[in-house]
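Pasting the structures here.
Here come two complexes built around subunit A, the first alongside subunit B, the second alongside subunit C.
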Partner chain A sequence: MSSQGSLRKDGRTFNQLRGMVCDRGLLHRADGSAKWSQDGTSVLVGVYGPKNMPPKREDPEKAVLEVLWKPKSGIQGPEEREAEIILRRTLEAVVLAPLFPRAGISVVVQVIHDDGSLLSCAINAACAALVDAGIPMTGLLASVTIALAKRDDGAGGGAHLQLDPTREEQDGAQATVCLALETTPKAATSNGSVEGEAVVTSTTRGAMAIEEYLEALDRCRMASRTINAFARLSLDKAQRRLELPGT
Partner chain B sequence: MLQPEGPAPSLDEAAAKLAEAQAILQSSTASLPLVCLGDAIDLGADAEGGVMKGHGTMMAGEAQLQATVCGLVERVNKLVSVRALKGRYTAQVGDVVVGRVTEVAQKRWKMDVNGKQDAALLLASVNLPGGVQRRRTNVDELNMRELYQENDLISAEVQQINQGDGAVALHTRSAKYGKLQGGQLVTVAPYLIKRLKQHFVALAAPLDVGIILGCNGYVWIGSKDLVDAGGRDEDEGMEAAGPSGQVDLQLRERMCRVANAVRALAALGLPVHPPAIVEVCNLSGLLRVEIKDMLGPEFLAQVAYREADRRQAEGDAQPMDH
Partner chain C sequence: MPREGVAISNNERAFILAALQADQRIDGRGPFDLRPLSIDFLGGSGPVEVRLGQTRVLAVVGAELGAPWPDRPNEGSLQVYTEFSPMADPAFESGKPGEAAVELGRIVDRGLRESRAVDTEALCVVAGRAVWAVRLDLHVLDNGGNMVDAANVAALVALLAFRRPECSVGGADGTEIIVHPPEERDPVPLTIHHLPVAVTFAFFEEGELVVLDPVWKEEATMGSRMTITVNAHGEICAIQKGGGVGITSDQVLRCARIATAKATAITEEIRKAVEAHEVERQQSKVKRHPRAPSGADLVLSGADLHSGSAIMLETTQETVGVMEVEEGLAEGLVEEDTDEEDESDEEEEEIEETPTPVVGKSKSGAGGAKKGAGAFAGGASTWLEEDDVSGAQAGRKRDWRRERPAAKGGPTAEALDEFDQVAALLGQKPPPQKTSSKPQTLLKMQNPAKPGNVTQPAPTPTANFALDSDEEEEARVELRGEFSGGSGKQLEATERGGAGASKSVGREGVRMEVDDEELTLEAAVKPKARKKKKKLKIQGDE
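Here is the complex of A and B:
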């Protein structure tokens, strides 16, 4: 392999995330909202609630989460339905729903542009929007997608794992792994021990070897720390912007 | 710092000025014990004595508390809680709220009070017009719409909160509560409204309007007689309580000025309370700012500078103790 082989088409290394941007509180009518962009991929999420639910849908034990996935254009297809379910299950793992019995929380996802790693971007955006809405959660989520490039055009020794793939890389990949990890403060304090990030969601597409999956998992763990650090920084900034009434 | 005269600065300049003023305000929050979601809460020396987890916290490990919301750490002896800055209204018994009827149900009105669920106003906990005793009949329940209809705005008090599911029950068993008419509603974030001794406030002349500061962030701005000490006239009942029909132009303008003052405070994230509202209104009068310009960046910057000056003076007098 030539030396150029260590770089991807957009100039990133195989282990490099795209630049992230997070804006909060963009929607006026929603309780919380966030726009999360990873270069070309961009998602806007609005959170409504906890709010009243029609009696048919309410749960006397906990808040009901509902996720609405709006594609960039057109109407929902089966893929969007699947994304809805994955996102809902992921969020249910971190939201402290039993605090709000009989209430409901709506998460509306609007895809602005899809340039690969869309589900990861949506999970990150949804987490930011939930925080913006002041909904209690057990921890912050960080989601990463990894694409396994076809063996014949990748370098050997695991170099064919592409972190945060673009649409092109994703379409040409042999398999993709999308992982959502939850970071607990234990992990933050104990110098990043590997047990700190708990896998909340793992969805894969295509075929891969077990070793490849484990390698991908490891890289996602590393990347999730970067994402988490970024999310925390942007949260702290946003928070100081709010003024405090005296007690 | 006040510039009533001189050429009007351009919009960009005004925006830059506003950003600068906000930065000054922000600097006063630097020392506050703010935490982010997922952060371990620093318990300091008290950790050995044991702590109790309050709202917005959860146990992580044996003697470690973790924040589940972003906000301000508050401690009362051993109880540690995190107060979220954003989020919907959490009711407390005795709060004055302003709500909108969403549904007329069996023996109750469902009200939107910006809470986690709709609140219920029971037919048994309202005063009938004229103070007559209610007869518990079916006819009575059928006539509920004559009292309050869907989309009516009502001022009420929180009577009870169900311990199990957090359902809120309201009552209007006082002459001062009831339907609101002939004014306007401004909604702000609930955390901006502090609990005061008096939530029905009559602003003195020249403003001469009445405001109801609902703890749920719904602020009603209406005529002064709604709020005046006597409350609603018992004989008139609630139907005629608001100024019926026309509201004269001058009163409307005064109401709009107050409403925009509330919006200006909310836009800057400053607490909304009567002295602050009056001050903003006075400032707008002093600078001869028109009502429609009160939400522009120029005026907001002036309000922010005012607040920054006030805090500076306060900080010089006594160290901050949040």
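Here is the complex of A and C:
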């Protein structure tokens, strides 16, 4: 993308994420909860766990993760089931399930508003909710969606890779990539610990060239650092609020 | 009438009863006190979230054009779908709604439809052929007790705030129904004649002890429950008492009287919230810019990695506006500044959610809905004060936007010139300006109003003209990550005062960052109250 000029419809550049807001600990009955908003897209996730599981569904070796995806309106359709499966697999990769054999962890996702990048928003929210619930994980998840605008729209080159697309951009894109990256602290070096990112989940829709995909991966990697830093600060503040006397 | 699966111990039950005998409730309320009610609009004609104490319900309204019921060709329909989300209570399971969910849905439905609160005849477009079918989805997100009342309020607010597309009959043969998109014609509200408010009472022991608005532990302990749906005119729309301990007719009358009084109070709160929301919606229409940028700028300038050209740090229109104002005011006017900034952030936030902003959060009645007591609006940093202003005074922001440009006058125009100059230097055309006061530009400029600042030309490599106050005023948490081509370097989290680590100028100036082969990642997350602290910091330092 060239730095000169073309902006997206909402005034962002192609590499600009939308404003993020993270509320933690909203729900009183749930063990953990988080509401993650990326401008117009907003998702509330509630987590129960580790909790009792009926004998039919328990696993003697590790906790069973179940994800429920509730659309804003209407009943679940195949898209919601797909989102449940993707989210479950993503979370299973980071949650330390073997710590809780025969238990269950229930993640309930409520879509409040969908303005693009819904799955990414949900993954971010789910990670924050799991942290709020105190479920041990191997690393933090950060997810971001990239839309490849149709070629004739772009300004040439890599210009048509749009980070964190809105609904409109997503629907009109030639292809979209949703990536979830896990950031784990690696072994400490002499400078201190170095973090690395690993791709946990990659979901694409539409056709794209390999180079475009790799470039999208690169952008996501960079964006995930931002998202992680933001999530950490958000958690920091939430913790601080708990520690304040009289809170 | 304890619900199935409610996990409350016998000890707790005994304690609650003993306390009630002594006129004490476990949350300290009086027997007929309502919990604080707060109403949040989560965007335009979108969901409405109502909190009654710890109980949280989300209501979504949608409308579809379709064929009418054969026995009612002149009327549209209103369908209420209730869902007890499994996140609300460990006992709730997903799948078909259970008894309690169905009952709740029926109580809300009866109050609205059978009392003719929502005019279904007004939903008719062409008799016998096309009518509007309104669908109301209620999601219970947190069960803190008395979900019925909360859901009812949510339903009322959502229906009041809902706007359906306007349609007309026309076309070639005069029978075609044209649905006008919102851009073409303003969507119209539903016709609602009165507001039926549900008020729930819980009875304990042999029906001798009564409380209003039970908490979930009280619900687990109660002997029976009665819901009275009444409107502010004193008309009883519905009474629902299903089983459990019997109560005397005196008590029923007494409860009905109390319910009427409570309904009046709740109706008032609902009206206030909806009106405030409507004001915001109208104002946002006026001020809305087609390219409303997001408030929290997370800028990831990727493509400039290899070009070596200037990396622009995006700013928002509102940001620019704020900066101008900030600059114009002397350091002494700390509070004012922060308020404006907060307002501007509010505004950004509002504009982001296009049709209607999130004002309701602060404007709601009781409950002071600052974006959630623990709301972390974008990268709050350590010095953030407890009273996060993220949800505050949206109305004031509006005032600021109206008044400030007039008062300031100069800076806006000057800033625009500066933008143009710098843009020209960079070889860009000046940003198109939809309104006179809000330049849409990528460039952050040093505000000319601030004495001693010089607008430096952009192409200077590593042009880090860090104004003294800039860093401090950098209320947001600046996350500066410098990446070069392939090797991801560490992300520096720059918090307040840490501007030394960062290479960019404060928010209010035009920030030209030119890094040859590096990628500068700046995450400026929602500033909000951080700004406040920042300003105080400046005070201290200067």
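To be clear about the criterion, the second predicted complex is superposed on the first by the 227 of 247 C-alpha atoms of A that agree within 3 Å, B and C clash if a C-alpha of one lies under 4 Å from a C-alpha of the other, contacts with A are read in each partner's own complex, and residues count from 1 in each chain.
The definition used in the following text is that a contact is a pair of C-beta atoms (placed from the backbone, for glycine too) under 8 Å apart; a residue touches a chain by one contact, two chains touch by 3 or more.
Quick caveat: nothing in here was measured; it's all calculated off a predicted structure.
In this superposed model built on subunit A, subunit B and subunit C take up the same space, so to speak, and clash.
After overlaying the two complexes on the shared chain, residue contacts for A:S42 are found with subunit C alone; subunit B is out of touch.
By the touch criterion stated above, A:K51 is placed in contact with subunit B and with subunit C alike. Looking at the shared chain after the overlay, A:D236 reaches both subunit B and subunit C. In the superposition on chain A, contact is made by A:A133 with subunit B only, not with subunit C. Judged by the number of subunit A residues each one touches, C leads among subunit B and subunit C. In the overlay built on the shared chain, the residue A:H28 is in contact with subunit C alone; subunit B does not reach it. In the superposition on chain A, A:A93 contacts neither subunit B nor subunit C. By the touch criterion defined above, A:G11 lies against subunit C but remains apart from subunit B after alignment on the C-alpha atoms of chain A. Residue contacts after overlaying the shared chain place A:I112 against subunit C, while subunit B stays out of touching range. When both complexes are overlaid on chain A, the residue A:A198 reaches neither subunit B nor subunit C.
Common to the subunit B-facing and subunit C-facing surfaces of subunit A are residues 51, 236, 240-241, 244, 247. Of all the residues in subunit C, the ones that touch subunit A in their complex are 42-43, 46-47, 49, 54, 56, 58, 60, 62, 83, 85-90, 94, 135, 137, 139, 141-144, 216, 289-304, 307, 309-312, 314, 316-317, 348-349, 352-354, 371-382, 384, 386, 390, 426-429, 440, 442, 477, 479, 481, 483, 488, 490-491, 493, 519, 521, 523, 525-526. Across the complex, subunit A is touched by residues 22, 25-26, 29-30, 32, 34, 36-40, 56, 58, 60-61, 64, 66, 68-72, 74, 84-88, 102, 110, 112, 116-118, 164-167, 191-194, 268-271, 322 of subunit B. If you check the complex, the residues on subunit A that touch subunit C are 1-5, 7-30, 33, 35, 39-40, 42, 44-48, 51, 68, 70, 72-74, 106, 108, 110, 112-113, 157-159, 161, 163, 194, 218-219, 221-223, 225-226, 229-230, 233-234, 236-238, 240-241, 244, 247. Of all the residues in subunit A, the ones that touch subunit B in their complex are 31-32, 49-52, 60, 96, 100-103, 131-140, 183-186, 188-189, 232, 235-236, 239-247.
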